[in-house]
């Protein structure tokens, strides 16, 4: 069985060369969308971007959550969590409700608005390459090892070691380890993450838990509601019957 | 902004409809003049006129003598108005020998019926089928039954006409107010709306009549 | 009706034909060119007017289950004249919602997938199934009206036997999906504006749909009385003020309950601070609360206004407006800030929506014209009891 894979992105090592961006495009056969890759944004033809913040560069891509919102919300199960940790999409199942796009805490999924057979597009964590024993295209292309690909447990260990060894250099948080229940893309940065455009203030609880708290009330609501309504029906009917009978008897008395 | 847009569109369509009705001279059910508004203007004497050539029975039917000796009989303003809008659903049949006090019309308001009684003895000559089942707007145009009566002249003193008739009808309207006051399921409502210019709905009246149609007949439609 | 009477142009007929023509063109473009070319939806704002309208449609059709429950479960037979119009409204409302959903789906040809591909963790899945089941329930509830017309007595008898379980199922399905429309947004705590986001969102949605559904029935009674007059050969379409006032009292209770829940929510979650931040969201929130809750509560608490037909009409419009604002605020306004785009629907989105609304009204008219939707209390009793209602009908219906 394959071990759970992931990506560790270290902002301090990234030089903003755009190799990952290009490699991703080539690997996924995506057309060029912007001459200046730094100004590009995620779209149905761009699964990862490099954003510039002063002298720092930050990559944005699907975080491959441990308990993904998109998997949880999709009514036909077009999204699923692969054993490798990748969150994958099946266009054949999709009906196109776009709830996944609405629900994603990182606002990652993109849509093919221009076609009549639109698909949801996003990073697949290079599932085909991983299955073939290779690492993701972006990490292979990265010249500075800012993007590392590997087993999740090793990546977490590496990230923790970096934070510990160089506390001056890093903001003491591994983004993506606990955010929204954690995922398979980890980020290290010298500054707080909201300064680099990462969605901050995410709860440590996986997002689907918010829904589950309401969903788990459904069986009791149905049970109690059903009993209550049947009971009310029986009660009010009985009451009306008694009232009618009383009416009849009093009428009868009058006649006598 | 979308919320405002949709809301504006919703209100816009309602307003256009209201304006349209106004242009057409109709009323939206919500803004229909209520019974007592009609009533009060009636007391002003502007729209409330009784043709002088008619006779009125205390059972709220009117009679008109034709040249050929026949009598046209219909329901008077009070009869058509007190019920909100009455429609005739049944008339005495052609050829029937009616006696005074027998049912000549069955009027419907909603699904409740009230009976109007024949003011004279006579044989029914014809029935106005054109007005059956429709609302009566001009009570003195809408005759319901044409009949021949032998004893009309002997009974003429039983009927009212001219100023006497119009005074009597005003009194009947006042009596109706009291009737509603005492029969209303909600006396406070009747009182309040009557005094503040009136907005008691015809429908409130109808629900009232639903419950006390018999009392209404006894009180106003007996001869 | 004679053909020339149907063809006689009236203002609304002309407007309707124009709207439907435009809508048909837009529908054609929508399906031939895709969503991107015809809507203003973008990646960060994937839901727009259509989904917002689905929320409205379902919310305003809620009277279908409240009135059915009142009459059949709680045996309050005073409201019986409202049952059929309410069920018809719900049925047509849901049909509109389903049509709009199919238009909105990126892959409408796959609309049947939820039937065979299940993800029970999805709120959307639950909503879909509840709507399917509830539409079936509505069909069963309305079937007697159709069967009556064709004098099929055996199926009516059968439907009468199962009627109570069907009504109970309808109430449960409605309860679930009405509240679940709120649950849809539970998963986006970071994106939906805190003025609207609340873990109680499903309860808010449920309570507000009861108030708005009944207001819709009140509003609709006026429109029915306006459009289907005795002169046009309709019966029992007049306003029944005592019933409507009774329904208005329930609206009042639901509004107060919803308002108290909102106050509790704001106090408990420390959200009061957001009421003081001047922003579009705050202004729209105030508008929603004032128009949809405070003004109607104030007016309804006076018996004088509750019983007055003019005021009741205005109140019902207020409550409906409140629901329109609330649902669109949740689905569009509240998400605008986090999406970073200012979404406004495109021409095609608007014209398709308008077309479906016009068609829904037309369908309502058509059914009312051909089936005994508006019946007097006695007739209703008779038909329900399976007796022949012919005699009493002839008297009332003969012209």
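Going by the order they are written in, the chains are A, B and C; count residues from 1 in each one.
The working rule: a residue touches a chain if its C-beta (ideal position, glycine included) is under 8 Å from a C-beta of that chain, and two chains touch if they have at least 3 such contacts.
What you see is a predicted model; the values in this text were computed from it and never measured.
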Least step count from chain A to chain B, where 1 means the two chains touch: 2
Chain pair with more C-beta contacts, A-C versus B-C: A-C
Intercentroid distance (Cα basis), chain B paired with chain A, Å: 70
Chain B and chain C, separation of their C-alpha mean positions in angstrom: 38
Interchain centroid distance [CA atoms averaged], chain A/chain C, Å: 32
Residues within chain B bordering two or more other chains: none
Of all residues in chain C, those that touch chain A in their complex: 31-37, 41-44, 46-47, 69, 72-76, 104-108, 110-111, 113-114, 117-119, 121-126, 128, 164, 168, 171-172, 175-176, 179-180, 183-184, 186-191, 199, 202, 335, 339
Partner chain C, residues of chain A touching it in the complex: 42-43, 69, 72-78, 93-99, 101-103, 105, 107, 109-118, 199, 201-203, 207-208, 210-215, 218, 221-222, 225-226, 229-230, 232-233, 236-237, 239-240
Touch list for chain C against partner chain B, complex: 11-12, 48-49, 52-53, 56, 222, 225-226, 230-231, 235-236, 238-242, 280, 284, 288, 303-304, 307-310, 312-314, 317, 320-321, 324-325, 328-329, 332-333, 342-345, 376-379, 395-396, 398-399
Touching residues (chain side chain B, partner chain C) in the complex: 1-7, 10-11, 14, 17, 20-21, 28-32, 34, 85, 87, 89-90, 108, 110-111, 113, 132-135, 185-186, 188-189, 192-193, 199, 201, 203-204, 206-207
